[in-house]
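There are structures below to look over.
Across the two complexes that follow, chain A remains constant while its partner is chain B and subsequently chain C.
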Partner chain A sequence: MKKLKRLSFNTKCKLCLLPSLAGTLLFFVIPYFRVLYYSVIDNQFRRNFVFLDNYIETVQNEYFLLALLNSLILIAVCVPVLIILALLISLFLSFGIRKLKALRASFVLPMVIPTAGIVLIWRTVFTDTSTPLPIYLLFIWKNIGICIVLLTAALTAADRSVYEAAKLDGAGSWTLHRKITLPMIAPTILFSVLLSIVNSFRIFKESYLFYGTNYPPDHSYTLQYFMNNNFLRLDYQSLATSAVLTSAVVFLIVLCGIFIQRRYNR
Partner chain B sequence: MKKFIVCLLAAALAVTSVSCSADKSEEEMTFEVDSDEFTYENITTGVGSLDVDENGTLYAVETYIIEKEPYDEVYDELHAYDLNGVHIKKLETGGAALNTVSYHDSTLYSIGCSNGEQTLSIYSYDLRTDEFSVFAKTSVSSSSTVVTNSVIADGKLWFTVEDFGRELEGCPYDNAVFTYQGTVLYSCDLQSGKTERSDIEYPVTVSTAADGSLCVYAVDENGTYFMTGEEKYYMDLGYVYAFAVISDKNDFIFTSSLKYDTLNIGTFGSDDYAEFRPNTRCSAKTLRYRGGCTFYTNSYGNGLDKAGAVQRIKNSSFVAGNRTINLISPGFIMASPFGCGYSMNSKELTDTEFALTVLSQSPDYDICLLNSKLGVSDSIRDKGTFYPLNEVEGVSEYLDKCFPYVKEAALTSDGEIWMLPIAVDIDVIMYNEALCEKYGLDFNNDMTLEELILNAKTANESDKSSGYAIHGYLLNTNLLLQYMRNNISFDTEEFRDLARYVKEEANYSEGEDYFKLYTDSMNQLYEGNSDGFLFSMLNDSLTQLEYGFSDKVRACPMPSVTSDGRSVATCVMLCVNPASDNLSSVLDYITALTEYLSANNSSMLFSEHDENVGQYVKDLYGIYSDASICFNISEDIYRQDYEAYLSGSTDLDGFITEADRKLSAYLNE
Partner chain C sequence: MKKIVFTVVMIIAAVIFILPVIATLALSFWNGGEVSAEGYSDLLFNCFVFYPMFWNSVIYAAVITAVQLVVIIPCAFAFSQAKFKGKGLLFTFYIVLMMMPLQVTVLPNYIGLRDLGLLNTAWGIILPMIFSPFGVVVMHQYMKSTDSAIIEATRLETNSIFRIILTAVVPQLRVCIFAVVLFVFADCWNMVEQPMLFLNDDSLKTMSVFIVNAADYTGHVLFPASVIFIVPVFLLYLFFSDSLEKGLTFGEIS
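Right after this comes the complex of A and B.
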């Protein structure tokens, strides 16, 4: 016990983190390396090394490329819209109509309503499936709640005295938010962007229920469909390879985000 | 005091040794029989009830019929046979009608009645003195009841009767599997001869437990249960028609609605059971266990044609005491493999559960039960998730006996045996040759789809005194499978022509009356009224063979709509899990199964067959010999769009575009 007391604060923190790290290692890191291993063998029973053959096959697969493209379009279109909408609502909640504060909790509702229930309404409203719009809207509706919560929390934590000082110096509303609000909540915005990107790869369940098939229209065929269909056909190698490639894409996006943030902070 | 303790110890020792010797004698009471299975060839008529004494002497109530006018004369005789099937003697029973026979302590007890009696009597036959007499009279009506079983337990003769007058609606448990038949249980004290009704409200049948006590199979509001002493075991074994307790470890043999005409072995308190004897047909009165052997009546197969033949099998030769074999299947598959004495546990999984179980290399399952119609079957082959059966005893020989296309399907391109085919099914049309000729219907092996439709129209325009049935869904599925055998796109002129014709003439959801008509013509045929049957379709070989009894029926293949004239066959198969932790038992089971299937060609697998069969079965063999097994693209991918096309909610181009898009994704992703 005495020895424990003698430990530095940092060491104690690390010790506290150990259970969580062990869980991460057990349930994420080790399985990830296993998936990496499966992506370089011919099948999981015979286990002959084929090195990059599976990767070459996957990146040449037209449906993988279609799925990747659709996933990236979903990110490019929906994430900016989602963040801008969430930011506007958060600003309204924090600085605008104060009575709306009572409604703050209602924005979390889409996160707790069962997906099947939402999709049922969606199918009634959107009968035209010639565009991916229903899925895009579903994604935004489903994710806007968590973004609003995060951004509102960041705005609430902002130091109000800075705003008072800027107002005394004659700054208008636009200048206040551009010069003060945005820089102050930039890390939260970045986090929301990254979270939304990660969630965009998880829109499969909603999409599957909406279209009711493993083979949705080409415009809505995302990476999750590609992986799920290969899983059902017992093609673990395609599944593993596309999972690794997807994680690489996500990793690159996160790296870019961190890079931008660091540049911005300087 | 010391003397007292010594005496006490001596007494305890004596009691222990006596009980041990008693146990030993019970253990040692195994009949010395040469063969694993034996048929009592000297029994030449139907056996209504049987029992066996401690020496293996079989006592059988045999029923004889003398054809007379105006009514046939029916009478029962009681006969004794030794373990070698040699007739020992006929036991004189004074012409009494005997329903059951039960052996106890050199005496046989029978429930029955003499001419003119309105109530059941209990007769005894003393084997030491050959004296037959009425042991007791009961108040149970002989005209409104049927005696279904009798056993001796706890010093009493217990017997069940089906009481026609009993109100069946009162039974608190009734479902698709179990329906109470109004059975009542009575007992007769073997000392006093006093008969009384048991207070078990809804009994079904009875057996004697290993310790000589009574074991009852009955039902209450919680379901069906077995009761020994005060212990109740609720078990989900379907409707158990007959059972016999075989050991003090709570094991019992039974036959039930789970799988008709099959003997199983189970344990009280466990839903696991092993099928160990097929082609049996015994009732509660004709299933007995003694001396390590099961005695039962068998009216089917095994070279026996006469009804009621009595068989004996040595249980140890047929029951494998290994671990349970776990089967998984991706969805419902009708055919299931025979257990061959192994306890089998089958699980029907969803697609996702199945993929997860297979890909995780789970050691918890042993065998995949697959059907070539399911898209995942060829994935198992292509992805190598199987244990090659090349070195497993009996498998190569078994495949050599199969039709060449079956063997071909069982091999990978590298020559590995990736699966064991257990059944092949082809859709066929069965027709009544004479009636079809009378009505001007023409069924033949080269029949076109147009000719089939014309036959349906002609039949519909007839006086309809003979039923027919076109199974639209089955026909459409067959046409699609035929087309998909050699194509990966619907966008061909061949398919467009076929689709237009089918929508116009063979549209089972929106089409004409002649196509939608469905009658019970098959039931008419099954019940022997061949004049009520014109034609119908059947899709599984087992059921097709069941109609082999009719000499008026012929069979022809479904109309061919592609240049490949062969019939489309679907194959039910077993695939062994290479990661199974029970591999040794599983491979032994596979060997046993190949032996069983080779001896019982009940699913049209083998190219060589008995030539001494009727024309209908010959027709079937002709169809089954010219076929191919396709590992088709799963119907799920395009069927919904096809249905939309047939119902008119989408046009042909819309269906083809949508189905081709999905097919392209399926084939290329």
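Right after this comes the complex of A and C.
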């Protein structure tokens, strides 16, 4: 105990990182290396080293490519719509009429409702399954709440005195928000975008219950289906390989996000 | 005029978003073509597996949220205060990990739990979720906006890092802590894949699993269970949104 007291502030801070780091190593990092290992052997009983064979097989698998493409389209279409909608609603609820603030609850509720029941309602409303639209709408409906909560918190924390000054200078509300609000909450917007991308990979359960099969129409066959089907077939090599490839794709997306933020800050 | 148009549009949007929730509520009282509470009595009086699963959900979500706060507040504080090489890189790693889809992290989680012999135990659900990186990233973002003068002042008074965190950091992070509690609790409350993959015993499974398999149980239990499922997280949200307003009013005064 005495020794602990003599440690410098900086060392104590570093010690505070330890619990989180230990858990992350134990449940994420170390097992991830096992996954990497599984992706370069032929199967878990024979354990012959096959180098990149599994990868070549996976990237040539048309279902994997279809799944990857569909997942990326979902992100490219839904995330911008979701963020713009969430931004408009949060702006209005923060700066518009005060009494309407209660409306926020109706956008947040979908976040917590179990989808098993919702999917039944969705099925009766959306009978046309020739496009992925039902799933896209379900995704936006379910995820707008968390974005609104985050953006509203950022807007409320923003410095109001700046607005008053700008208003006195005669700035209109559009200019005001474009020139002052957006730059102020830009980090939160980026964070909401990243979070929505993560959540776009989570829309599997809903899609699965909606179509009621492991093999949905081609336009809705996403990466999650591909991996889930591999899990069911206990095909660990394909599972490990697609997990590694997916993590590589996500890693690239994050790098792009960080790059955009750095450019924006300059 | 512009305001009225905006208000009408906003109310219409709110109604569209809440419609499926209202439909769920309505359907929970709809049984074989007539209005009745039979679904609720099926669920509450005839479906004995429901209760343990409900309490499992409560216990998992509460334990994970509480322990996660104890782990992530010092961690985020350390990220903002400590100076060491590779700190930026380490934090980027947390962001990357946060971005990983469930389908990618579930496999390492499964392997880690298998090697530790924790599959089919409550720990298998609780431990990996405690170390989910989401809270650390959010907390660190808000840590930047804390007043470092207060931290410096507290450092002069005490040597204990826990006292610094408790007295100088936690009060400043109140709003952020409420937000993290809400998100983490909701996340645990909604998890379906982990209990289905990591657990075999029904006695350990959660209410979310019950709802997915609702068709297997007798009676019209799906929609009543859905309604009950919403309540805890929505109460937490109401409590949180109230505190958010209050916390921010305080900020404006000082």
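By our rule, the second predicted complex is superposed on the first by the 254 of 266 C-alpha atoms of A that agree within 3 Å, B and C clash if a C-alpha of one lies under 4 Å from a C-alpha of the other, contacts with A are read in each partner's own complex, and residues count from 1 in each chain.
Just so we're on the same page, contacts are C-beta pairs under 8 Å (C-beta built on N, C-alpha and C of every residue); 3 or more make two chains touch, one makes a residue touch a chain.
Please read these numbers as outputs of a predicted model, since none were measured by experiment.
With the two structures overlaid on chain A, would chain B and chain C clash, or do they fit side by side?
On the shared chain A, the partners fit.
Taking the C-alpha centre of chain A as the vertex, compute the angle to the C-alpha centres of chain B and chain C, in steps of 10 degrees.
In the superposed model, the angle at chain A is 70 degrees.
Between chain B and chain C, point out the one touching more chain A residues.
After superposition, C is the partner touching more of chain A.
Of the two partner chains, chain B (first) and chain C (second), which one does A:213 touch, if any: first, second, both, or neither?
first
Between chain B (first) and chain C (second), which, if any, makes contact with A:221: first, second, both or neither?
Touch partner of A:221: chain B, not chain C.
A:64 contacts which: chain B (first), chain C (second), both, neither?
first
Let me test your reading of the model: by the given contact rule, A:180 touches which partner, first (chain B), second (chain C), both or neither?
neither
Answer with first, second, both or neither: which of chain B and chain C does A:73 touch in the superposed model?
Neither: A:73 stays clear of chain B and chain C.
Rounded to whole Å, what minimum CA distance do you find between chain B and chain C in the overlaid structures?
Minimum C-alpha separation, chain B to chain C, in the superposed model is 6 Å.
Taking the two structures together, which residues of chain A meet both chain B and chain C?
231
Hey, which residues of chain B end up touching chain A in the complex?
Chain B residues touching chain A: 351-352, 355, 358-359, 361, 375-376, 379-380, 383-385, 578-579, 637, 640, 661-662, 665-666, 668-669.
Which stretch or stretches of chain A touch chain B in the complex?
42-46, 61-64, 213, 215, 217-218, 221, 226, 229-236, 238
Residues of chain A touching chain C in their complex?
Where chain A meets chain C, its residues are 5, 9-10, 12-17, 19-21, 23-24, 26-32, 34-35, 89, 92-93, 96-97, 100, 103-114, 116-118, 120-122, 141, 144, 146, 149-150, 153, 156-157, 160, 187-188, 191, 194, 197-198, 201-202, 204-205, 209, 223-224, 227-228, 231, 239-240, 243, 246-247, 250-251, 253-254, 258.
Of all residues in chain C, which touch chain A in the complex?
Those in contact with chain A are residues 3, 6-7, 10-11, 13-15, 17-18, 20-21, 23-24, 27, 71-72, 74-75, 77-79, 81-84, 92, 94-105, 107-113, 115-116, 127-128, 130-131, 133, 136-138, 141, 145, 155, 159, 161, 165, 175, 179, 182-183, 186, 189-190, 192-193, 197, 208, 211-212, 214, 222-223, 225-226, 229-230, 233-234, 237-238, 241, 244, 248, 251-252.
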